[in-house]
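One chain, chain A, appears in both complexes that follow, with chain B as partner in the first and chain C in the second.
Now for the complex of A and B:
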């Protein structure tokens, strides 16, 4: 119904509400479509490809696989060291997260709260490992690791994964530290809070959402790290990406790659859901003034 | 205290030297039995590959059963394997004993002097492999340093439901490409050997055959002067051709129906077919105009910690039983000349159309010039 100057106020209200509802529906539909195309469809395709029966290829002009089976999964578990790789990957990642947290906290605090000459330069420098091509970083760092006797050792791998996760952790935590209002710190100091109390009751609770986000980045970076692990870790250690790349690299085999991709993806998705829930409860406590 | 420290340091250095020296025997002069005994004393071998995880895992189990030597098989990515080997080049003792060598890496690794050798004179059944395969790989002189273990061949792969009369000559192929725009695909030659093979054939057909390059150790500029005609052909037909990003991408695009004819390696095709990535109706042949073939090799790293075991592993893979097992499991054509394999994608009649590569300097130049004159235009 067209709106005019003579339309009564109530009707105008109804029309406005209807327009808002339509917009909300349109935006929701757009979001769902985008999610389906960008996230849902690739996952569905990956699942389908991982279930293609080896004797019944999924080929043109078939829209769907002729027959599904666990054949590709059986192949991956039989002929690759995936179990050993899973064990190694999920042992390294939590340790790398803890270590990157411990190492990044002081740096992030200084970059986020202190006045420092050349601060911008430092902020860019810490991002270098993720800006440079992975294999280049791996080849140069492997020399350092070998020189210090860290190649082919579990601790060396944890350290390597920590280095790869550090840029994300530092970046996110720096932003979190920057966002803490100075008033709160001043108030705490006026009330006699010492450094320990400030860290425990102000800094840590307020950077918690950033910390969790940084941990997610550091964890997924560790789980997905290939180049440095391959150069300094194999043959003693194999992680999930070293197996994924054997099917995804030069010798691309879509069916087997799909299986390994899913093996790598499922625990990460579960972890993201858990962290998302923790973050939500965090927002809630923040809104209730419990920080 | 200082003296004790010096003694410890000398002991460490001696241990390092002992490790770096590898087995106590001289592998070049020792008998095969002595080498096997040394390999058993080493107790383990680490092998890097980037394909056939199924076959190599089973071969490792067979190897351990036969010799009591543990074979640690790492299936990585081709580029990553070579980058790792190159990164460890200057270490006294590396972590890789033996690895598969193929593609453009043959030249790179040979130039870098990465491998121990020659090993042709050491391996007991070396004479069962084709003599040429010990001398030249990918147009590079390998002088018995790299051991052939399987042969492969490029051919034209097509969907018989969509291609009724596959072309045999260059003119027939050109006509087919014009009549079926975008349906013929080949891999970017800088990304895979099947693409190199197609461009190599195009050069042979357009720029006056391959005989003139024979035996050249360096590129002769006058011989490549007319290659501009080849690049012109590719540019003129760019809109009718599909250039893919890897050997397997060509096969996958055919499976998806995007193209109906492509150049591919026979072992890649068999592997993709057995894993449900390519329809079983696909057919393959070597056209009369010719396509190049080759085969990968295995090399023992100069700083391998278990050189004797690496040599025994290669001899084991070259054995009749393993060559047959490899063929039965993954369809890779045996390297041995005393074995004929039945049921291959390419018939013996087809194989007569196979042509040898021109020397490596031309192949290198071909890849660079294709990227510069075709892909970047």
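Now for the complex of A and C:
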């Protein structure tokens, strides 16, 4: 309906509101398309590269590979150290998660529930591993590790990965502890609950969603960790990121790198999306948004 | 009465988490500083000296890499901000499809930095899709050199792609804290969209903007992996130069000097931004 001078004011408002809404939807659609290209294109390209048939190279000026096959995947698993690296990566990560869980529970409890002078300072100190430039920490922590015989050791790597996962774990758990209503704790105390009962029946069940999120963050951080692993672990230990780095460096092999990149990326994306959707409330922003 | 739980026991409970972090990060910073003066070198002899610091100012490659990393830090933080602020503003109000859009945008956050570098390399390399499309459409005769380019645009592109969602999260949470009443009041008083943007959204989101810029700067300034994969052949980033000095040339003391430069720059930039934030928000 066209607008004219005779259109009642109410109707004009309705039309205007509808036009605004339509514009908003158009804009959303536009942004979604831009994002699909911005995020999707690089990922699709990598998937294609990993599926290029070894006997039919994908070369200029072909826009698409001539033939797709699993040949590159078979090659990477057969002739590179990827299986050993996977084993190393996925055995360090759970140990680092457990260790950072044990270390962060008491700290997060105090940071989330207690009023202490200097709390702000402690909350900032916790973020140091994220803020400090990774290579400086890696290089000179490796000197400390060398002095204590931890360099080039499995235990040293677990400690290093724990260090990088702790900030996420502590922050997410702190947020969860903050969210427990004091009434529940008071009620439990009135009914005679001791510390053990409080931990078992109140704190652990109530921080469980946060704990799950923290564990996934610490786990994915460990799988991705490069700087410390590269300096402290190479050449004794190879993880997925250090293998990928070697494929991106002086022996740049795009097809192999594509396979390794996908091996590293897919489990992480899946895990983080599951956490986001199971937990509903936005743990990512809760833990990172308010740095 | 304000509750206060300052007891020895509560402080003891902080030790496992905070203590672990302070011990590891603190010891590495401590060793960086002492080694830059020739002390406590784990291998070789220890002797106090300013020599390593003096030599820094005569080492052209190190000075070039400091400048290069400063440039990368600055451009990456500005670039990410320019791309993410409009999106953050757009996502502030809910609407059809925006949840889906938000989760699409978040994907690079879950992509490890090295993988992100590789993903973008595939796009911008000499025979990457961008060059092929541009050539096919006839915009350019010859593919452009965007990867390992002399300036470092490839590195900036990777940093922006990878960190956009991270900055977006910070910006979104600070935009979310702006009350709709404030915006409505301004509009009632006749403020147009630009006035609302420049007098309400930007000033009130300034803490978030500054924090995200600091974090981006620190990340891009101290970066090792992305620059070593996609950066120019010369100069190396400061972290790359430091690592090569340490492990390839075994000159740990000189590497420590570069390490201290990285840490100091990080602190100075953070301090400058903090002062800027005070200035902008009018708190002195």
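Everything that follows uses one rule, which is that the second predicted complex is superposed on the first by the 199 of 291 C-alpha atoms of A that agree within 3 Å, B and C clash if a C-alpha of one lies under 4 Å from a C-alpha of the other, contacts with A are read in each partner's own complex, and residues count from 1 in each chain.
Rule of thumb we're sticking to: a residue touches a chain if its C-beta (ideal position, glycine included) is under 8 Å from a C-beta of that chain, and two chains touch if they have at least 3 such contacts.
Bear in mind that the values here come from a model prediction, so they are computed numbers and not experimental data.
Which partner does A:220 contact after superposing on A: first (chain B), second (chain C), both, neither?
second
Per the contact definition in the header, classify A:249: touching chain B only (first), chain C only (second), both, or neither.
both
First (chain B), second (chain C), both or neither: which does A:257 touch?
A:257 sits against chain C, while chain B stays out of touch.
Which partner does A:152 reach: the first (chain B), the second (chain C), both, or neither?
The first partner, chain B, only.
Scan A:231 for contacts with chain B and chain C and give back first, second, both or neither.
Both partners, chain B and chain C.
Looking only at contacts as defined up top, I'd like to know whether chain B or chain C touches more of chain A.
For chain A, the partner with the higher number of touched residues is C.
Touch test for A:276: chain B only (first), chain C only (second), both, or neither?
It touches chain C, and chain B stays clear.
In the superposed arrangement, does A:177 touch chain B (first), chain C (second), both or neither?
neither
Does the superposition put A:53 against chain B (first), chain C (second), both, or neither?
After superposing on A, A:53 lies in contact with chain B but is clear of chain C.
Between chain B and chain C, whom does A:135 touch in the aligned arrangement: first, second, both, or neither?
A:135 sits against chain B and chain C alike.
Just to be sure I follow: which residues of chain A are touched by chain B in one complex and then by chain C in the other one?
Residues 59-61, 135, 139, 143, 146, 226-227, 231, 245, 248-249, 254 of chain A touch both chain B and chain C.
For the complex, which residues does chain B have touching chain A?
By the definition above, chain B touches chain A via 46, 48, 50-51, 53-54, 57, 72, 74-80, 83-84, 87-88, 91, 95-96, 192, 246-249, 252, 255-258, 271-280.
Residues of chain A touching chain B in their complex?
Checking each residue of chain A against chain B gives 52-61, 71-72, 75, 78-80, 135, 138-139, 142-143, 146, 151-152, 226-227, 230-231, 234-236, 238, 242-243, 245-246, 248-256.
Across the complex, what residues on chain A touch chain C?
That would be residues 24-25, 27-29, 31-32, 35-36, 38-39, 41-43, 45-46, 49, 59-61, 63, 102-111, 114-117, 122, 125-126, 128-129, 131-137, 139-141, 143-144, 146-147, 159, 162-163, 166-167, 170, 220, 223-224, 226-227, 231, 241, 244-245, 248-249, 254, 257-258, 261, 264-265, 268-269, 272-273, 276, 284-285, 288-291 of chain A.
Quick check: in the complex, which residue numbers of chain C touch chain A?
2-6, 10-11, 13-18, 20-22, 24-25, 27-29, 31-32, 35, 42-43, 87, 90, 95-98, 100-101, 103-115, 117-123, 127, 129, 132, 135-136, 161, 166, 169-170, 172-173, 211, 215, 218, 221-222, 224-225, 228-229, 239-240, 242-243, 246-247, 252, 255-256, 259, 262-263, 266
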